[in-house]
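Structures for review follow.
You will see subunit A twice below: alongside subunit B first, and alongside subunit C after that.
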Partner chain A sequence: MDTRLEVNKTYKLYVGGRFSRSESGRSYAVSGPTGGFLANAARASRKDLRDAVVAARKVAGSWAGLSAYNRGQVLYRVAEMMEARRDELIDEVSAAEGGEGASQQVEEAVDCWVYYAGWTDKISQVTGALNPVAGPYFNLTAPEPIGIIGIVAPETGSLLGLVERLAPALCGGNAVVLACSQAHPHPAIALAECLHTSDVPAGVVNLLTGFKDELVPVLASHGDVDALDVSGVAPDTAADVEAAAASNVKRIVRPGPRLGPYEVTAFMEMKTVWHPKGA
Partner chain B sequence: MTASTNDVEVVHRIGGSVDEVGAEARAAMLASRSLKAEAKLWGLDLAVRCCDLTTLEGADSPASVRQLASKAMRPAPLDHSIPHVAALCIYPRLVPAAVEALKGSAVAVASVATAFPSGQSALELRVAEIERAHAEGASEIDSVISRGALLAGDDTGVYEEVVAAKKACGDAHLKVILETGELGSYDRVRRASLIAMAAGADFIKTSTGKIAPAATLPVALVMAEAIRDFADFSGRRVGLKVAGGIRSAKDALRYLVLVHETLGTEWLTPERFRIGASSLLNDLLMQMDKQRSKTYSDSDRYTVA
Partner chain C sequence: MTSPVWDYAPAPESSDVVSLRDTYGLYIGGRFVEPASGSYFKTINPATEEVLAAVPEASTEDVDAGVVAAQEGLERWTSAGAPARGKYLFRIARIMQERSRELAVLETMNGGKPIRESRDVDIPLAAAHFFYYAGWADKLEYAFAARRVEPVGVCAQIIPWNFPLLMLAWKIAPALAAGNTVVLKPAETTPLTALLFAEICEQAALPAGVVNIVTGGPETGTALVAHPRVDKVAFTGSTEVGKGIQRALAGTGTRLTLELGGKAANIVFEDASLDQAIEGVVNGIFFNQGHVCCAGSRLLVQEPVAERLLSKLKRRLETLRLGDPLDKNTDIGAINSRAQLERIQNLVGIGVEEGAELYQVDCELPARGFWFPPTVFTGVSQSHRIAREEIFGPVLSVMSFRTESEAVARANNTPYGLSAGVWTEKGSRILWMADRLRAGVVWANTFNRFDPASPFGGYKESGFGREGGRHGLEPYVRLS
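Up next is the complex of A and B:
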């Protein structure tokens, strides 16, 4: 007998730089494009989400404190890792959403990282300003990371849709807790493997797979999450989610054009400094 | 032959040894218990009341102690339902500042003493340090034992130094720190616990917090069992203090479960159980808020210190 046993992958969560099962031990079945069983995915609980926010908070300061140039190198490294695993990513996207457009989706996702890698050390020049004021002051405005961003990834575009929200948030120096597409979570975990082998510090990106109606309300009401990207929030729950997010005055971020510097500043705060001019 | 309970002989009469694998398995089993809803809230409240808020840094000053004292008296300034902690634990030099800051409150002043954390100075100096701290107003003394003497097999020497410490304490409570991280085996932890209790300790305490490993669940279990055996033998109920490395509310609740299961409800009070910690308090407050509001909070909402 020379038949090899199949080596099937157990898809897990990506929290604090580790691939872990849900603390609840739960998983759920995911269907492929034709409706048949594809694979199981970990079903994150609110405690997994809490742990993810703790992991993100721990590293948010040091990630934001890296030089913008250095962050750009890290983002470019993600593109390198994805390029190296291109075939695998195409397979994952095809298995989840069908083969049509899969390779284009992967290519655009890789290019998206390259695009935002270039923006890290330019965003401040382009969107910052030296403001004219009536007084002996230098008045400077510059963007700063908000802190921890909760992202609810879109349901379709399992890879590209997610990357188009994640990359600008990282470009702005934030740490991210992301609820993946519930219907197609597996490409996100394949992406996590690329992030893990690039130089993104553990805890900067945390990917949770599971039921959005379980995760999103907790993410929205969490006091230590500073902004919420609602790209993947179902329209019928949007009002409740935004009301919960108001409890600690979270910024609500809605997706704009697919690529652009203002997608980055959406995840940043403008700080203005008044500095006295010399006598 | 009848041995009085104040005799090092008691240690050998109670005797016993520890099943290492069994102790660790039981501690792990107790750690897996989960508390829900009201029980959890009650446990968190108890953990606050049992907390010895501690600062033992070279940089401590009267001002930083005053700041911590206000935290001890009112952990959450805007929430009057939060109780005060049991004691403020500090270095001897800062006792006057702490006594002054805590005047009129029910928070006790606990001073470490006896050449904390190593205990490596002459016995008369260590005794003098206790007397001075007590004279300046400390009502609880956290003393350390000579681990070197215990490891060398000098049980009587350790017994006698605890007796001397207890005498120097007067009416203050004596907590005896075993520094279990340096003892090397659970059997020695049990022996040290029994020696300290026989010599008159009011509390036995796991660690100084300056050595890793500090408090662990199996060590606390071994000490709690020694306390139980000593109470059965002598009728005297000695308290347990766990200290070092306890930073999360979850850890604190695990110790409460362990104490309850080993010693019973009589020990679930600040008179017989303490947790020595600094950063734990804010996590307890955060988890209490979580239980009440059902949403996760952030650390910016709690006072520093």
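Up next is the complex of A and C:
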């Protein structure tokens, strides 16, 4: 008997809660850590990206309208799903970036979701304020979701680097269109499978694999994207990308310390409400 | 009285989801143990007076074992680290959600509250409380700026019988999130969901000694409070007992928070949406048979609408269904105990003697168990005992007022200060009133709302300290 021949996975995009190939029908070859062929990845087109923004906008309102407690439970559910697929995720990360540190990367990614699950209903308590204005007014400031966040994922840390940007954006109640690591896109698609089996509504997270020089300019200049996380933007293109983002005054988000509430408020707007007091 | 056009068919919730043991142990050091005292007491279903189980009467020796176990648990809990402490609490929250129906049915059987309330309010809120504080465990530095945050140590927690599991959650969740360990004493009449919670701790593989449950009566509570190795006491219950605890701890340096009685005013202005206000007033005083420390037991209504409100209120009361707490259509369940029923009967008798006008819904009370019909007193004056004392039952005292200032003066004219309700369509008036009401919680155009993210607690003789929200962490941390 021959040894059993493995069935290889086709890696697709994750847009609007569906796993689809690029509308362009294109893919690109991805190498493993030793340089050999690993697998193909879908090469998303500009059209795929625009479709992803439409999908995100469709669900952004209802996702932002969930109670903070509900959103916390959804994020926690992602951690539960990832923990259950821990071995698979470790395999994906190892295949992409090598075995060293792979399990740590996966464990920290799971814990990152747990961490931000705990922030959903505390972020306004820590960063909001009752402002003592000089007049008979009740004056309150509290954070609100921005809307749609474009995230350019870092090239390395194929899973953790991505999760550390994605989780705080979701924690803040936003929908996300994310350009994955070009060199190591496959762990992101494995993550999409976890998201898909958790309680994250379709369209809240859209993951595109492909060429950054093709996707990022479109993401940066898209009129319906409200903020851009530039974690994975190559330094030599940063100026152009940020200039394109100015077209609709996108907030530019740069990663700060690994974990913390200000990683969430970077993806939020502060709203102040005035109301008179008087009998 | 208008008779209903049709009756509701019985819709009893099945109790076979609950499996009771004949005899329970104390939960100490991660194990159920027999009490050194060797003595047990019976816990009953107040709706039927049927015995549910025998529960240990913890002696001073048993309490000591609990405190020692909690002290040993402290080391294990500290070394687990903050992120892991959070993860344990998340686990507990999830298991409570998984076992929610079982907890709800048991809560109703042991306490007499309608299944609709235990299913839709008590248990979901208890689980949410654990979920909320789970998230704080590794974020304490954000709650207390520029301070080093450490746990207080061993916390002795004594809870009442009106919301047994929810009060347990209010006590245990913030304590554990801040790195403390606890010895909790559930109320004498409602120990069973706390003991089921001990099983949940086991399923969550919580380190031994982090949560310890000792059952018993007032003597058990006294022994727990007085234990020299307790670092913090948290008590929810009557103002009388609370004062006793404050005296007992005087000079010891033991930290203390008290959540005590109330005599909240629900203030209805003439411009309020009256139908909405009626629902809030009914919910305010008849929710959980009025066994609620923040119950809206005084209704202050602005004169122009007083008569109309009262007639609407009476009509609404006639639609309340009193009876089997396990029936999903029941609004008013059983009074928690014979002693509480006698206290309510006594105070209502005094109300009549003092000259207030009694209105009671003409409903049939079940033959067995402890019951009291929804009751409204009109013609109440401030000097009446029913206007001043906490009745802790389904009894509403109605008074009227003319101006905002008069409403504030009347509402604040009580030694208590737990909550208040304001009903008006005018936002600026809500905020003006909120500034002047001496109460820890002010509800506007709603009443009896609770959320883990929202601090709760009283002014004046309603106690001190807050439970819930970021502020609910404060009693459980040592800052330096």
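Here is the rule we use: the second predicted complex is superposed on the first by the 274 of 279 C-alpha atoms of A that agree within 3 Å, B and C clash if a C-alpha of one lies under 4 Å from a C-alpha of the other, contacts with A are read in each partner's own complex, and residues count from 1 in each chain.
Definition applied: contacts are C-beta pairs under 8 Å (C-beta built on N, C-alpha and C of every residue); 3 or more make two chains touch, one makes a residue touch a chain.
Computed from a predicted structure; not experimentally measured.
Asker: After the match on subunit A, would you call subunit B and subunit C a fit or a clash?
Answerer: Pair status: fit.
Asker: Quick check on the superposed pair: does A:Asp224 touch subunit B, subunit C, both, or neither? Answer first, second, both or neither.
Answerer: So A:Asp224 only meets subunit B here.
Asker: For A:Asp121, decide between first (touching subunit B), second (touching subunit C), both and neither.
Answerer: Only subunit C; A:Asp121 stays clear of subunit B.
Asker: One more residue to check, A:His275. First (subunit B), second (subunit C), both or neither?
Answerer: second
Asker: Going by the contact rule set out at the top, does A:Arg50 touch subunit B (first), subunit C (second), both, or neither?
Answerer: first
Asker: Just to be sure I read the superposition right, which of the two partners does A:Leu215 touch: subunit B = first, subunit C = second, or both, or neither?
Answerer: Touch partners of A:Leu215: none, neither subunit B nor subunit C.
Asker: Of the two partners subunit B and subunit C, indicate the one touching more residues belonging to subunit A.
Answerer: The partner with more contacted residues on subunit A is C.
Asker: Looking at A:Ser247, would you say it contacts subunit B, subunit C, both, or neither? Reply first, second, both or neither.
Answerer: first
Asker: Centred on subunit A, what angle do subunit B and subunit C make, from Cα centres, as a multiple of 10°?
Answerer: Given the fit on chain A C-alpha atoms, the answer is 100 degrees.
Asker: Looking at subunit B versus subunit C in the superposed three-chain picture, what is their shortest Cα distance in Å?
Answerer: 28
Asker: Quick check on my understanding: which residues of subunit A belong to both its subunit B contact set and its subunit C contact set?
Answerer: none
Asker: Which positions of subunit B touch subunit A when the two form their complex?
Answerer: 295-299, 301
Asker: Spell out the residues on subunit A that touch subunit C in their complex, using ranges where they run on.
Answerer: 68-69, 72-73, 76, 111, 114-115, 117-122, 125-126, 138, 260-261, 275-279
Asker: Enumerate the contact residues on subunit A facing subunit B in the complex.
Answerer: Residue list for subunit A touching subunit B: 50, 53, 57, 218, 221-224, 244, 247-248.
Asker: Would you mind writing out the residues of subunit C in touch with subunit A in their complex?
Answerer: Within the complex, subunit C touches subunit A at residues 83, 86-87, 90, 128, 131-132, 134-139, 142-143, 404-405, 427-429, 431-433, 435, 452-453, 469-470.
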